[in-house]
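Look at the two complexes coming up: chain A is in both, with chain B in one and chain C in the other.
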Partner chain A sequence: MNATVEKIKTGDKFAELFDRLHTQLPGNASIQSIRKNAIAAFLKQGIPTRKNEEYKYSLPEKLFKTNYSLATKLPSLQITADDSKTFDISGITQNKIVLINGFYSQQLSSVNNLTKGVIVSDISTSFEKHAAHIEKHFAKYANVDADPFIALNSALNANGLFIFVPENTVVEQPIHIINIITANELSLIQPRNLFIIEKNAEIKIIESLDAYKLSTNVVVNMVTEISVAEQSKVQYYKLQNDCEKIAQINTTQVYQLENSHFDTNTVTLNGDWVRNNLNIVVDAENCETHLNGLFISKNNQHIDNHTLVDHQKPNCQSNQLYKGVLSGKSTGVFNGKIYVRRDAQKINAYQSSKNILLSDDATINTKPELEIYADDVKCSHGSSTGQLNEDALFYLRARGLSTDSAKRMLLYAFASDAINTIRIDVLKEHIDKLIEKQLIQ
Partner chain B sequence: MSDTNQLLEEITGSEYKYGWTTNIDTETAPKGINAEVIRFISQKKNEPTWMLELRLKAFRHWLTLEEPRHWAKIQYPAINFNDIIYFAAPKPKKQLKNLNEVDPELLKTFEKLGISLEEQKRLSGVESSIAVDAVIDSVSVKTTFKEVLAEKGIIFCSFSEAVQEHPELVKEYMGSVVPYTDNFYAALNAAVFSDGSFCYVPKGVRCPMELSTYFRINSAGTGQFERTLIIADEGAYVSYLEGCTAPKRDENQLHAAVVEIVAHKNAEVKYSTVQNWYPGDKDGKGGIYNFVTKRGICIGNNSKISWTQVETGSAITWKYPSVILKGDNSIGEFYSVAVTNNLQQADTGTKMTHIGKNTRSTIVSKGISAGKSNNSYRGLVRINKGAHNARNFSQCDSLLMGDKCGAHTFPYIEIKDKSAIVEHEATTSKIGEDQLFYCNQRGIETEKAIGLIVNGYCKEVLNQLPMEFAVESQKLLAVSLEGSVG
Partner chain C sequence: MLSIKNLKAGIAGKEILKGINLEVKAGEVHAIMGPNGSGKSTLSNVLAGREDYDVSDGQVLFNKKNLLEMPPEDRAREGLFLAFQYPVEIPGVSNINFLKTALSEIRQYKGLPPLDTKEFLKLVKEKQALVEMQGSLANRSVNEGFSGGEKKRNEIFQMAMLEPTLAVLDETDSGLDIDALRIVANGVNMLRAKNRAFVVITHYQRLLDYIVPDFVHVLYNGRIVKSGTKELAMELEEKGYEWIKELAPAV
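Moving on, here comes the complex of A and B:
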C-alpha cells in the first residue's frame, strides 16, 4: 500500500478536503453520515484560538500553521518485528497490539491467547463486521460539538482499534497497545479507537505512543471512546514517552454505567506538544473513577492535562491526582473540572494538582474547577505549586548525599505518588525506570 | 428534613428591607447614550475640558467594544444601553453650607437607611465616628466630617468636587489602575460616570476614622455609574467602607462602578464593601446588575491593600476586586462572603498579580448559595517571572443550601517563577447534619443552629470588617439565611 497524503491548510481547506476524501474513507452510510455531521461541527468551531476558554493555555493554532498531509492509508514503510520489539514493555508481551499510524498490524501483533469472545480488530473492518456494536457505541460518547478536535477526528479518521470484551469475561493479562507513529513528511494522523467493555467484564489496557523513523514533526489527533458497562472494571494506562516530534491531541472519552470501576493513569515523560483530554461521564450510581497523572517536562515542551468528570447520577466517587515536574522552558497545564449535575446527590469527588518548578523559565498554569448543582456532596480540590523542600534537602545532604542525588530522590518521591496507583507491577517498574532516567538528565 | 426545607423556604422568602423609594425632585439626562448626553453630564458638573475630553475618548473606545456576556457564569438578556438614564440628580436647592440646607426628604432617606449624616460627636470622641459620603443616584449629597479630616490634610470629598479642587491629583491617578481600555464596563463608566468618592491621605498620616461612602439608587430607569479613587501616600493608612441599597423595582437597573486604589510605599488601604443592592424578587424579576471593576495597585514597597466584601444583594454580581502587587514585599488580601438566594447570580472573585519580590497574597472566599441561585468564585493568581519568593494562599469554600442551587469554583493559577509557593484549596458541601444534630441536642433550635454555623463559616471574613460593619453584616447574613438548610 502506498501512503496517500493530501495537503491540507486550515479553515475552509478542511471542507474542501473532506469533500474530496470522505468517500475514500472507510465506513458505510451511517458512518458517512457521522463524518458529514462531524465536519460541519468542526467547521463551525474551527481551530481553537485564545478566545476558546478550553484551549486558553494551549494554543493549537501554531500546529496548524504549516500545511500538513492527512494520513489516510497505512504508510508504506515496513517495520520489522525486531524493530517493533524495542517498544515492548518487558513482562507484558503476551497480548500485544501494534498500530502503525492507527492502522492495525496483524503480523506485529500477538493476541492469540485471548479469552473466547474477545474481539480485537481494526475499526475500519469492524464497521461492517461488527456493525451491531458499532451502531450502538461508535461516536456515541465523544461529542463533536464539544471539541473541534473530536469533530475533526470523527470526520476524517482513517483507522483505529476496536476492542470488544463480552459479558462476564475477564481478560487476565494486560493488553499492550503500541501506537507507532512514523512519517517522512509533515502529517496529521488521526487514529480512532473504540473499546467496549460489557457487563461484569474486566480488562487492563496499556497504551503507549512511540515514534519510529520519524523524520519530521507530526500532529496526532487521537480519539478513544471507552464504554464501561455495569459491574465492569477497566484499568487504562497511557504512557507517552519517546514522542519528541509528535504534537498530540489525545482525547479519551469514557462512559460509565452502574457499579463500574474505571482507573486511569496518564504518564507523559516526553513530548513536543501534548494535550490530553480525559472526559469521563458517570451516568449511573455506585461508580468509582480514579484519574492519576504525572508529567515531567523539559526544554520547550508543552504538556496539558485536561480532565472532566461529569457526575450525572448520585452515589459515586471520583478521585484525581496530577503531578508535574517542570524544567527548562517548558509549560505545564492542568485543567480539571468536576461537574455534579442537579440531583446527583452523595457524590464524593476529589481533585488535587501538585507541581514543582525547577527552572525560572518554566511556567505552570492550573485551573481546577468545580461546578456543583447538588447540595449533599463532598467535593474539593487543591492545587499547589512550589519547590523542593529546603529542609528535606538539607536532611539528605547532612547524611552525605550529593545535592544532585538528594534532589533526585525528593523528586522521585514526589512523582511516585502519582504512579503508585498503577496496579500492574511490571508496568510500574518500567515507568519507574523511565522516571529515574528522566530525572538524571 | 421536611421541616428544615420548609424553614428554608420561609426564610429565603424574606423581604428586602430597603425596597422603598423617596419622593425627591430629580433632574435627569435624556435617555440613551451619545456624545450629547456625555456633554450634558460634563456640563452639569461644570467640568473642565480635559475631563470632557477624557469622557469622550472613553466613549469612542466603548463604542468599539462588545458587551462581555458570555465568559462569566451569568445569564441575562442583552442590555439596551440606550434605554438607560445616565444621569439623575436630586434637584439642588442651592449650594449647601450645612446640614440644615439639605433636603429633609434626603436626610430622612439616609436616616431610614441607618446612615447618620449628622456629625454627632460621641462622648468617646471623634475617633469612633465614621465620615460618610452619601451618594444618591448620580450625585454626592453630603460628605461629613470633612473639616476634621482636612485638619490632618486628608482630602475626602465627592469625585466631582475633587475634579474642581484637586485636578492635579485626579489627572495623575484617575485611570492609572483601571484605564478606560480595561473592559467594557470600565470604558462605559469612564464615559458617563457621575460621581463617587475621592480620598487622598497624605504622607505618614493615619486616617483617624473610618471613611465610608453610601450609595443609594432612587430614580427609576437610571443606571448608577460612580467612580471612587483612593490614594494613600507613603506610610499612610486608611480604612474605607462602601454600602449600597436600592428600591424594589420590576426593572433591572445597571450599576457599573469603578474603584481605584493606589498604595504608595509603606501605605495600607483597607476597603470593605457591604453590598446590598436590591436582589430582585423571588421569581427573579427586577434587581440590580452589579457590574463593577475594582482594582488596587501596591505601587510602593511594603504596601498593603486589603479587600473585604460581603455580597448579599444584586440580581447579578460580576466583580473581581484585584490587587497588582508591584512593590517589593507588598501584600494583597481578599476576603469575601457572597450569598445568593432565589434567582440571584454571582460571579465574583479576585485577581492577584505578583510582580514585585517577596509579595504575598491571601484569598479567602466563602460562597453560600440558596434557592435557585448560582454562585461562582472566579479568581486569578498570577506570579510573573522575577516575582521571587512570591507566596499565595487561596481558600474557596462553598456552602449549598437546597438542591436547586449551584456553587462553582473557577480558579486560574499561572506561575512563571520557580521560587513561588502557591496553594489553592476549595471545598463544596452543605451544612453538616452532624453539626446540626450536635446543636439540636444541646437545645439550640435548627434555625439558630444554622445561623451559628453559617456565622462560624464566614467568621474568617467577617472578622476582617471594621467593628460597626461586622455587626451589620452578621445581621444581613442572618436575614438572608437564617434557618436555611438543604
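Moving on, here comes the complex of A and C:
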C-alpha cells in the first residue's frame, strides 16, 4: 500500500476520499462490499449534530471542523523497545501486543506459549489468512446503521487486531494490548479489532491506549467486536490513560451466547475528549454481564460513557456500576440503556451511576433509559451526584488527617467500588497507583 | 491545659453558646451535663473545629496555643481528640489504613518518623484489647455497619491509638446498653493519666458512675450555671434539670 495522506473534512469529502482510497485498503471482495455499504450508511447519517439525541452532550462536530489526514499505514516514526516498555503493566509481560495507530508491531510485541489454535494477528492479513472466521464474524455485530462512527470505521479502517480462541481453550495469562497513538499531523486513526471466543473458552484481555510523541491533536475512532460463544468467559479491561490530545470514539460491540460470562471495566483517567460506546447484545439464556466504569476528569476534559445492554432472551442478569470524579471545568456523561425484549422473562438488570463533583464548574449528565417489554423482570437503576461527604471529611480531619489526604482517602474509597471487580491483581495494583497519582494532583 | 474564656458561638446566625468559661488542668476529668438544647454538642463541635459553627467572641487556649485559629487537623495533632456522638460511617475506607495515616500525620507534625508496620500492628492489638474490640472490626470500613456500641467502642479505640492529651467525649453513653457502657468507660479509665485530661459531655449521670469526674458543670442555655464535684451529678439525677433553670440568669 502507498503512503497515503488524505485531507478530510466533514460531509462529502468522505465520499470523495472513499472513492479514491478504498481499493488501497485491505480486504477481499467481501470486505470491500462491507466498506461500500458502510460508507453509504455513514453518508446517510453524517457526523452527529446537536439534533442527534445520542450525541447531544458530546458533540463530535467540532472534532471534524479541521482537516485531518487519514492514517492508513504504519507511521514511519520508530518506537524503541525501551520507549514502548513505559506502557507496560508490571507483572504482565507474557502476552504483550503493541499496536501503533492500530498497526501490529511484530518487533515490540511478545506473545509466548499461546495454547495451540489461539490466533493473535493483525486484522488486515487475517482478512485473507483467516477468511472463514472473518466471513462468519467480521462486521456482523457492529451495525453500520446504528451509529455513524461504526459506519465510518467500517468503511475506512486500515488495520487492527484479530484474536481467535478455539473451543475448550483457556488462555491462562492475560493478553495486554497496548494501543500506542502517535502522529505529527492532525490525523484520523481508525483501528478495527475482532475477538472471537469460541465455545467453552476463556480469555482475559487488557486494552490500554496511550499517546507517544504526539505533537498534534488526533481523533481515534476505534471499533472492537467481541463474539462470546456458549459457555465462554471473557474479562475485558479497558484502560484509557495518558490520552491528552486524543479525542476518541471507542465502540465495543459484544455478542453473547448461552451460559456465557462477559465482565468488563472501563477506566478513564486522562482523556481529552472521550466517547465510549459499550453495546452488549445478550442473545441467549443464562448469561451474565458485568459492566463497571470509573473516570476521573479535570481541566476541560470530557468523558462520555454510553452503555447498551440488550436482553433478547430470558434468564439472564446484567449489572452496571459507573463512577465519576470530576474537577475543574470537566464534563461527564453517563447514558445507560437497558432493553428487555418481549420474550426475555426473568431478567435481572441493575444499573447505578454515581458521581462526585469537586468543583462548581464541573458538570455531569446522567441518563438511565430502561425499555422493558417483558413482564416478569427485575430491573433497577439509580444515579446520584454530589460533593464529598462533609461529615466524613471532618471526621477524618478531626483525627489528624490533612484536608488533602482526607479528600484523597474519601475519593479513593468512592472510586474503589468500580475497580474492585478487576480480577487480575497486578492490573488492579497498576490502576490503584494511577488513581492515587491522579488524586494527588 | 484547656482554658475557655467567655466563648460565644452559634450556627446559622443563631447564638447557642453565650459565654462559656472553663479551666481544665492536666489529669482532671470534667463532666459537662445539661438538658437537651443547652449547647453541649455545640461546645464539643466548636472545640474540634467544625466549620459550620461561628465563634463570635471569646478565647480558647489549648496548651497555651490559640485553639480557635487552628484547622481541625492541627487541633488533633496538638493532642485534642473528640469522641463523636454520632461517629460517621465511611464505606471503602478501612479503619486500619485510616488510623495508620492519622498516626503518621500526627507523628510527622511532631517531627517523629512513622511507625513501621510491625510496631503499628502491635499497637493496634494492644489497644483493641483495651476496648474488647474484635480484630475483624479494625479491618472493616470505618464504622460501616457497626452497631451503636461498636461505633462508640471504635471511638475509644481510636482515642487509645492516637493518645491525645485532651479527650472530649460527646455523649459517648448515648445509645449504649449497660455492657457496652461498662466497656467504653473501662477503656476511658485505663487511659486516665497525669498528663491527660477528659471532658465528658453527657445528659445522664449514669456514665459518671463508671467514669468518676473531678468536677461537674451544668450547662444551661449556653452558659455554665453551676459547677461542683461529683455530688452535683447525683443531685441532678435526683432532682432533674428543672431546678437548674432557675439558676440561669434572666434573658
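Rule of thumb we're sticking to: the second predicted complex is superposed on the first by the 438 of 441 C-alpha atoms of A that agree within 3 Å, B and C clash if a C-alpha of one lies under 4 Å from a C-alpha of the other, contacts with A are read in each partner's own complex, and residues count from 1 in each chain.
As a convention for this text, a residue touches a chain if its C-beta (ideal position, glycine included) is under 8 Å from a C-beta of that chain, and two chains touch if they have at least 3 such contacts.
Predicted model, so just to flag it, every value in this text is computed and none were measured.
In the superposed model built on chain A, check whether chain B and chain C fit or clash.
fit
Going by the contact rule set out at the top, does A:Leu401 touch chain B (first), chain C (second), both, or neither?
second
Would you please give the vertex angle at the Cα centre of chain A, with arms pointing to the Cα centres of chain B and chain C, as a multiple of 10°?
Reported to the nearest 10, the angle reads 70 degrees.
Classify the contacts of A:Gln173 with the two partner chains as first (chain B alone), second (chain C alone), both, or neither.
Neither partner.
Which of the two partners, first being chain B and second being chain C, lies in contact with A:Asp343: first, second, both, or neither?
It touches chain B, and chain C stays clear.
Tell me which partner A:Leu410 touches in the superposition: chain B (first), chain C (second), both or neither.
In the superposition, A:Leu410 touches chain C alone.
Which partner, once the models are overlaid, touches more of chain A's residues, chain C or chain B?
Chain A has more residues touched by B than by the other partner.
Who does A:Asn184 touch here: chain B (first), chain C (second), both, or neither?
In the superposition, A:Asn184 touches no partner, neither chain B nor chain C.
Can A:Asp391 be said to touch chain B (first), chain C (second), both, or neither?
The answer is second: A:Asp391 touches chain C but not chain B.
Please give the nearest C-alpha separation between chain B and chain C in the three-chain superposition, to the whole Å.
Value for chain B versus chain C, nearest C-alpha atoms: 14 Å.
Quick check: in the complex, which residue numbers of chain A touch chain C?
389, 391-392, 394-403, 405-406, 409-410, 412-414, 416-417
In their shared complex, at which residues does chain C touch chain A?
48-51, 71-73, 75-77, 82, 84, 87-88, 90-93, 97-99, 101-103, 105-106, 109, 141-142, 158, 162
Can you list the residues on chain A that touch chain B in the complex?
Listed in rising order, the residues are 53, 342-343, 345, 355, 357-387.
Contact residues on chain B for chain A in the complex?
Going through chain B, the ones touching chain A are 71, 385, 398, 400-430, 486.
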